[in-house]
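Order of writing sets the chain letters: A, B, C and D. Residues in each chain are counted from 1.
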Amino acid sequence: MSKPRVAFFDFTSCEGCQLNKLNFENDLLDILELVDIVEFREAMDDRADEYDIAFIEGSISTPTCVERIHDIRRRSKILVALGSCAVSGGINAMKNLYPPEWVKETVYGEDKYLFPSIPVQPVSAIVKVDYEVRGCPMSTPEYLHIFKSLVLGRKPEIIDYAVCVECKQKENECVLDKGMFCLGPVTRAGCGAICPSNGQYCTGCRGLVSNVNENGAIEMLKLHNLSTHEAMKRMKMYCANEID
Amino acid sequence: MEAMAVESKKLYNPLMSKILKVDILTETEKRFEIILPEDQILGHKPGQFVEVSIFGYGEAPISICSSPTKTPGFELTVRKTGRLTDKMHLLEKGGQLGIRGPFGNGFDVEPFQKKDMLFVCGGIGLAPLKSLIDYTIAKRDDFGRLMILYGTKNPSEILFKEDIEVWQNQDDIEFHMTVDRSDEDWKGNVGVITTLIPPLKLDTSNTIATVVGPPIMYKFVMLALKSKRIPDENIYLSLERRMKCGVGKCGHCQINNSYVCQEGPVYPYPRIKQLEEAI
Amino acid sequence: MKKDLQIDVHHVTRVEGHGNIVIDMKQGVLQKAQLEIVEPPRYFEAMLKGRNFQEVAIITSRICGICALGHQMTSLKATEAALGIEISGQTEVLRKILIHGATCQSNTLHALFLATPDLLSVGSVFSLINTHKEVVLAALRLKRLANDIGDVISGRAIHPISCVPGGFTKLPTEKELTDLRKKLVEEGLPDVKFAIEVIASLADKIPDFTRETEYISVYSDKEYSFYDGDICSSDSGTTPVENYLEVTNEFVVPHSSSKHARFNRSSYFVGALARFNNSYKFLKPKAKAAAEKLGLSAPCFNPYMNTVAQMVEVTHCIEDSIELMDRLLSGGIKPEKANNEITQYGRGIATTEVPRGILFHDYTYNRQGNIEAANCVIPTGQNLANIDDDMKKLVPEIIEESKEDITLKLEMLVRAYDPCISCSVHMLDVEFVF
Amino acid sequence: MYSENIIKFDQMKRYFFDQDTSIKFLEYLIGKGTVIAPHKKGETSYSFKKVDDVNEVVFDYSRTIQPLKKFFLPPQETLLNFNLTDNSFSEPEVVEEKKIFFAIHSYEMQSIRRLDYSFTKGNPESNYLSKRENSCFIGISFEPDEWHFSKSVGIEIEKLEGFCLFFEPVENGHLVFEVNETGREMLSEFGAGVLVDTPLDFEITDKHFKAKIKYHYNRLPQVFEHVYHSKVWDKVAEKCVGCGTCNLLCATCYCFDVRDEVDLNMINGKRERFWDSCMLNSFAEVAGGDDFRDKLSFRTRHRLFRKFKYITEESGELQCVGCGRCSRFCPAQINIVDIINDLIVDYTEQQEKQVI
């Protein structure tokens, strides 16, 4: 059996997810045994035409991005969105929250010139996405799980429960008990509750679980000392495209 | 500790079993004939299921579709729908599957003796019922009439075509089928399965009805059977739920106070009526 | 010979972010030599507006995955300065170790994974796995170790978690620090020594090119400073951080979605080589020895040597981290909570040396602790004018070489600066099309 | 009920341990096996943990985050190790060791007895039962906080069933009661000193429970007969965000999920089980996407019915032991006692209507 041909592409993002892959120091060599990496701009010069698996990092924010992603989709058998930017628009999508007039005012300097920009969108808004690795940065265990599943030729397990589940499985002290608030109860798990495990509140970088009780979530955040306005703002940090 | 006095069992170790034969039934369904190690006999009742697994791909409950009278192997009919079943469809003769079971409560055939048997099967629901159908055919003299009603979405989804041909040509079996949507070659009935019930002439008090199909089918079939005045206690249904263990522990299959893997999957209708979450 | 030359490297590889090199020479006259930044704009300053001080560093760390820690540190310092939040001595030491970790990680990644393939004439580090496995393994170990520092102290190397205004949400245990220290001594120092020997053996592959320019870095008179200090120029001495705008003088050029900067000359250099030139005397002994081995002495005017200076810094950072850890461990880790007491509001400006050079964050907060205005000046942006100036001097010098060689040298030049393009487009002045 | 216990206590042999003796006793226990006891975790929380340093053991604690079940049904447990090349598998080895659980509250002890029932009836499960072997429990009494309500479900602070010894705090130390033969042997081997016959004038009766269920626990199954369609479920569902915390930390919840994970070498792998929760999406979803409990109101109802009716019908015991974890740790501050009391109001109203 020939090894799957794998490529990595980056769109609008901080490239932290790409970097995260270079951070699998212990596993990198094993990974290279399993697949042929045929394109990875951040780490190598080679380019290829067709891919078994294309990993996409970053959100779509310019007309050029739109053309490029269509082109990559045409040439890829399986397309995986990596990280919050690609999955939901991520932090970049916060831009969509502000009225265009206001953004113009803030961003315009005295030297204006044209650089076409469109509202920030997730990859799935433009092309079909087969699988998603959420998180900002993408979660390493989840990435490895999806990666191994694809090499095995099976569907990965898609998690649709709250970060609290992993947090409780780890027996962390809940950050709510330290007088903080937390988005873990409504955020999709898969990160191993890494933020609460480090004493920090969950910022919701992995997006909301499905069928979320939005009003309940706001009421919950209010119980933990956020105003309605602030609660909405916090929930939209990573979910600008998911919540109205 | 008094609790420790019981002898405990290793419940999750599968028996690595061999695939003897694979038949392609439709685009999405295959039938597997399987034999346990050292030709052990599974010893199931019609309507029971096994937990099938492939390491790395997971485990799922699958109904046994062959009659207990057929030994030493047994048969499973599997729809390609996810992790495990996709991989199963890639396996061939000689391949290995992990088997645990048989599990659940199947059909108790004792009370069915000499009764008229009405089988109502929707889609892949024919698979679990086939173990009972085959059993009644194998023991034909113990039963009254055998009536099989079978409905699928369209002609390409029809399972067990060879068996159906036999059933259709046999005088002592009444077989009727229908499809929701026909295609050019289809010459039979068109319409949902409930349309097959009203024309039947039944000796209602002496008829046992067994129903297996997708969740939405149950409500309508039950109404149709009601209008035929079949007593509730003569109706049996088989239910499907998510299952992770098959032995009454994981909690996934629970419907109100009933574990499908223990009390079910086959339930007499009066019991179903007590279970609000059932259908 | 009057030569015509057109070079257009679309999306330079092995750099972070998207940039193109464009060279246009007609009749021996250089019309254009520039690095075009084509990374899409991201509007971070706009997104920060109205955000609570607890969230700001979480957002700014997402400006760049590679410099995440540097952005976070600078951001925290600016927030603390604006809101009058005090931090403990322990917090400061931990932050310094974190910055060392981030510098090791980024410098190793750049020098060994992205730049070394050029010296060995291959296209990527993956090709080295078969030919130079021990180098790759040592590099991987070094990177792992650098990341371990981030994981242990801040919860995660990329987009750190536990550093917040006023301190940490979780402190490393003494055992974790002791283990880490042991690894730095037993693995870190030998591995970096080995890596330096490898690079020293390839030194002749480093292009010989010099152009003296202005070198700007953070400077303190106590140490080779990353965490804090004044702005220091090799031309004009130190300037207080508050006056950073007088130094950076950002201006817009048409070919770049990132602003350029200039101070005393048409351009200036920031990054490892600038730090090395300005603060050489504070390097730890092993780092000085490494510099000597690598043939690097201050001041050095060859931009290609930036990569070499990075490896010297890796040595320094490991040495200094060990010392800092000893300091922490001798007194024991004090269990302390992050101090989130706001005592004032208004403007706060901070600077930190991140791997690619000097970074500024400048915030104005309102009474509620929400941001009213924000500005970030990023090292790669500050280097862009200098890269263009280097290319203008370099191209005529090598014009007789083949187009492939010229392209390679130009790419190597750009890579030597280790540009971080996604950072640099943090604030683009663009027309907004909805 | 309380008087009964006092009699029991009165008849039991008892010793006085000052703090030093208790610490020495813990050291003695460490020589006998693995000792597990409450420790401080984080700023305000507690956790059961193997004792490495006897001075870190906390005698006076409200409740741990995870219940005792984690030792017999771990949050993540390998069921099988397998090999993909030859389809072989093996079970992970269970370490045979004596486990002594120290400073255990009565509701916690009772939760283990409930789990024993669930893992024994029908198909006795070796994974649970083998870990459960060789364990003994030393109880301690506690001061109820605003979330404990074990008394309301019939478990008093001094319920002794399951313990071998019981510690009752008194001035400057503890009275240690010899509950059964195992306990007696321990004390005599340790050299507990002289028996005391301190009269039981310590506050053994009715420590004050702030949280109370309005009805006697014997009536609760009856209430649950009538509240399946109560509007209380919808009311709870407005606040609940479905995070699953209540189930995961429940002392008697034991539902699990099973997943296969392969190592990066693509040869070895594990079949593992994880704590799961019926409050979560996809818990009851079947192939094709149908979900038979798709609403949070249905899920909450199922959660409570399992505690107060379904299993109780068979085992005769309420499954809720009143530890208060689900309420204490619910991020939406949903309180199970409030739910039950609301159901009781609903039930009473129904009954009244019927009378009219």
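Convention: a residue touches a chain if its C-beta (ideal position, glycine included) is under 8 Å from a C-beta of that chain, and two chains touch if they have at least 3 such contacts.
Just so it is clear, the model here is predicted, and its values are computed rather than measured.
Engineer: Along touching chains only, what is the step distance from chain B to chain C?
Structural biologist: 2
Engineer: Of the chains shown, whose Cα centre falls closest to the middle of all protein Cα atoms?
Structural biologist: Smallest offset from the overall C-alpha mean is found for A.
Engineer: So which one's got more C-beta contacts, B-D or A-B?
Structural biologist: Of B-D and A-B, it is B-D that has more C-beta pairs in contact.
Engineer: Please tell me the distance, in whole Å, between the geometric centres of chain C and chain D computed from their C-alpha atoms.
Structural biologist: Taking the mean C-alpha position of each chain, the two centres sit 52 Å apart.
Engineer: For chain B and chain D, let me know how many angstrom lie between their CA-based centres, rounded off.
Structural biologist: 39
Engineer: In whole angstrom, how far does the Cα centroid of chain A sit from the Cα centroid of chain B?
Structural biologist: 42
Engineer: Rounded to the nearest whole Å, what is the centre-to-centre distance of chain A and chain D, using the mean of the C-alpha atoms as each centre?
Structural biologist: Each chain's C-alpha centroid was found; their separation is 38 Å.
Engineer: Among all residues of chain D, which ones touch two or more of the remaining chains?
Structural biologist: As it turns out, chain D has residues touching two or more other chains at 259, 262.
Engineer: Where in chain A do residues touch at least two different other chains?
Structural biologist: Counting only residues that touch two or more other chains, chain A contributes 152, 157.
Engineer: Give me the residue numbers in chain B that touch at least two other chains, ranges are fine.
Structural biologist: 56-57, 82
Engineer: So which chains end up touching which?
Structural biologist: According to the stated criterion, the contacting chain pairs are A-B, A-C, A-D, B-D.
Engineer: Could you pull out which chain D residues touch chain A in their complex?
Structural biologist: Spelled out, the residues of chain D in touch with chain A are 41-45, 47, 65-66, 70, 75-76, 237-245, 248-249, 259, 261-262, 264-266, 274-275, 277, 280-282, 294, 296, 329, 331-333.
Engineer: Where on chain B is chain D touching in the complex?
Structural biologist: Within the complex, chain B contacts chain D at residues 1, 3-4, 6-14, 16, 53, 55-59, 79, 81-82, 96, 98, 214-215, 240-242, 244-245, 247-252, 254-257, 262, 276-278.
Engineer: Chain A touches which residues of chain B in the complex?
Structural biologist: Those in contact with chain A are residues 56-57, 82-83, 86-87.
Engineer: What does chain D use to touch chain B in their complex?
Structural biologist: Residues in contact with chain B: 79-80, 82-84, 87-89, 91, 113, 116-120, 122-130, 132-133, 135, 228, 254-260, 262, 269, 271, 273, 276, 278, 283-288, 290, 292-293, 298, 302, 305-306, 309-310, 313.
Engineer: Show which residues of chain A lie in contact with chain D when the two form their complex.
Structural biologist: Answer in residue numbers: 27, 30-31, 34, 144-145, 148, 151-152, 157, 160-162, 164-165, 168-174, 176-178, 182, 184-186, 209-213, 215-217, 219-220, 223-224.
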